[in-house]
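What follows is one structure encoded as structure tokens, with my remarks underneath.
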Amino acid sequence: MHVPDGFFDAPTSVATGLIAAGAVGFSLQRANREIRETGPALAGLTAAFVFAVQMVNFPVGAGTSGHLLGGALAAALVGPWSAVLVMSTVLLVQGLLFADGGLTALGTNITLMGLITVLVGYFLTRAVLKALPRRVGSVVPAATVGALVSVPVAALAFTGLYAIGGAVDIPLSKLATAMVGWHILVGIGEAVITAAVLGAVVATRPDLVYAARHLQQDLVLVDADGNTSTVSPDRPIAAKPAGRSLGVGIAVTLVVAGGLSLFASAHPDGLEFVGAKLGFETAAKSSAAAGSPLADYGVSGIGNSEVSGALAGIIGVLVTIVLGLALAKLASLRANKAS
Amino acid sequence: MSGPAIHVERLVFAYPDGRQALFGVDFTVEHGERVALLGPNGAGKTTLVLHLNGILGSVAGGTGSGGIQIGGTGLHREHLAVIRRKVGLVFQDPDDQLFMPTVRDDVAFGPANLGLRGAELDERVHEALVQVGMQDHADLAPHHLSFGQRRRVAVATVLAMRPEVLVLDEPSSNLDPAARRELADILSELDVTLLMITHDLPYALQLCERSLLMDDGRIVADGKTRDLLGDAELMSAHRLELPYGFDPLSVSGPER
Amino acid sequence: MSGDGLLVAVDSRVHRVPAQVKLVALFVFVLAVVSTPAPVFWAFGLYAAMLVAAVVVAKLPVHVVSRRLAVETPFIVFALLLPFVATGPRIDVLGLELSQSGVLGAWNVLAKGTLGVVAAILLSATTAPRDLLAGLERLRLPATLVAILSFMIRYLSVVSDDLHRMRIARESRGYAGGRVGHLKAVAGGVGGLFVRSFERGERVHLAMRSRGYTGRMPLLSQAGAVRSQWLEGLTISLLAVLIAVMARVVGL
């Protein structure tokens, strides 16, 4: 999803650049205490980890493959503010050292992959965590949902940006359907890997999972004379109580999802739907487009009115949430049975 | 009022995940002594030496108790800066120790934190690199060095702070025989108190007259290296084995 | 992945330009390209010619540049689809009915994206990572961010090597599961990789503290760039701005 230079028009690039700069600045402030205590090396190594993991591909279907974005995973592991910094660093290094992702599109890329995936992923994780048994292990199904939803929401945001600053008018409802549909599949891969990674971390170093810090158990200490005492775990940064996160999680997701698609569908001069439908149908029939994600998912949307077409995005995300919650329930039931 | 170089009393410590690593450790090292710290994997050796300059333990906000004095100075929060200047710690993996973009930046990191700048800093860096024979590689990135070279630079990063006590965690591990001998030559030239964790028993005998043996988070033996290595029963009780054909009684050691 | 990025370690005039100058030059150049209207074809020709000249002066092998262009592929696919899916008047090309604005849009994405990638390659192939960090520091990127970047770049190769070793270990044990088993094994390995990376991060922090770190990293940059260096480094970018302005004027 690394957007190159010139993909969006200059005002959009500048606007997302400002959003990204603001988000990074805010995160620097929020993560300041953490980084002072754990050191910048930890964030740097987490970034190197995300970078390395983004090179691991998984099959998505139709002969194509996707790779982990890692926003939701990073958020669960090191917390949302550090994760925004980590993801921004990864994108900056990819852009400056490896020429991957345009420099004028850096703001767009940070907004989509460094901000939206992290926030949606984290707040949904915390929200689902509230509904699950109070154990560190619950973070696995919770973050699975976060990861699953974070990817299509970012895809929807991409569509929203395209509506605002795309160079060419294309039917947005179809772009939204195609992007979200495709990225639900990518999101499943993201969710599976996120779950497995967190599972492995919970099994070996449960204390490392930021999103589950508040669920840790007390320590038992034996001194030189054999006396035992109980102390609460050394917790440099206590995670915030789960209080409002259900609301925040749903709100963040729906504001991003709903807001952007509504904006997309309401965009005044971007849509000429009659021509769009005709044009798109020819396209779907032409061989050049066959086998592409746009062809696979765009066609099913044909014939819908613009509103319902744009709503497809939100519905897709909602379906993902429900699917994810069901998965989480299932996983926690199985985990309970096992223990 | 300068006391012993290292004095450790009833040291207890548990990691944040609840695993207790130290169960009451006591020992003393005098100025100028060279002491090997032996013991099986997981004995708590690394955990112990990380306490010596206050990066683990209750001063660092961890879970534990007990006391440590370095050169007579108690290890308390207000003395941390002094203690960290006195105790130089060389980590087991040189990649942990070399975190700056180039060798020069890395060796300069410690002295710069001590407030050195400009020509004085450059001189200090050069001197430390000469001590380990790496002065010609100052501008390379760490990942362009061989493992042995990285280990030597790691020693230089600590020597640049001119410590009174040099603590090394398995300095000979993963070195080829030539690099291992070169490092021994460098270490035996240094005029500091030395505490060296090692599984390389001939290395311990070559460099250290005295050894501490640690197991299960406690010191279980303390004596002349030659005597410890010669005690077959003690050795096997703590999973220590001499290399095939090596007889500690027939080689010369550092003691006169 | 190496911690050197795309660096081609030769000596050239472009290599010698201070990193902060190159960063600004790249940004200005790409901004000029992006704000040039797509139908002004000659402007893009001139941009390309200037970039090629810079690549030659920088003594970069052609294959380094061309191989790296592959990162664009997903967007080339997207661009090639545009003529089919875009709205507006149709034109007939070789029997295919294409959208006129779609064709122009495809050209827009391809031309600007490619110029942007080549310009970025020019920066990363001629600037050592340490200089890049020093340049960012000079350009007042927040110190915490520079520090995180520095650690990330330093440990990129270490973490990638860990990942590589784990894969070799898995494959040499003759692993032959199905797709699900494969995914599980990979993900478990990735989990282990995180624990390793995190623990290394903790140890590095300990190593820093034991050498007197109190929260402030030493500065990397020393001397700033002088005016002649700024002028030399910005030549192409300033020309590009001129071209972009002219393209707008002509386009009116």
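For clarity, chains are labelled A, B and C in written order, and residue numbers in each chain start from 1.
As a working rule, contacts are C-beta pairs under 8 Å (C-beta built on N, C-alpha and C of every residue); 3 or more make two chains touch, one makes a residue touch a chain.
Computed from a prediction, not measured in an experiment: that's the story for all the values here.
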Computed over C-alpha atoms, the centroid farthest from that of chain C is that of chain B
Between A-B and A-C, more contacting C-beta pairs sit at A-C
Whole-Å distance, C-alpha centre of chain B to that of chain C, is 42
Note: chain B sits from chain A at a C-alpha centroid distance in Å of 44
Between chain A and chain C, the Cα-mean centres are separated in Å by 22
In chain A, the residues touching two or more other chains are 41, 205
Among chain B residues, those touching two or more other chains are 99
So chain C residues touching two or more other chains come to 129, 150-151, 153-155, 158, 200, 204, 208-209, 213
Note: in the complex, chain C contacts chain A through residues 1, 5-6, 23, 26-27, 30-31, 33-35, 38, 68, 71-72, 74-75, 77, 80-82, 84-88, 90, 96-97, 99, 101-102, 104-106, 108-109, 111-113, 115-117, 119-121, 123-124, 129, 132, 142, 144-145, 147-156, 158-160, 162-163, 179, 183-184, 186-188, 190-195, 197-202, 204-205, 208-209, 213, 215, 217
Contacts from chain B onto chain C in the complex sit at residues 50, 53, 55-56, 81, 84-85, 87-89, 91, 93, 95-97, 99-102, 105, 108-110, 112-114, 141-143, 157-158, 161
Touching chain A in the complex, chain B uses residues 10, 12, 14, 16-18, 20, 23-24, 61-63, 65-66, 99
In the complex, the residues of chain A that touch chain C are 1-7, 9-10, 13, 24-25, 28, 32, 35-36, 38-49, 51-53, 55-56, 58-59, 77, 85-86, 88-90, 92-93, 95-100, 102-105, 167-171, 174, 192-193, 195-201, 203-205, 208, 271-272, 275-276, 279-280, 282-283, 286, 288-289, 292, 294, 298
Touching chain B in the complex, chain C uses residues 2-4, 129-130, 133, 150-151, 153-155, 157-158, 200, 203-204, 206-214, 218, 220
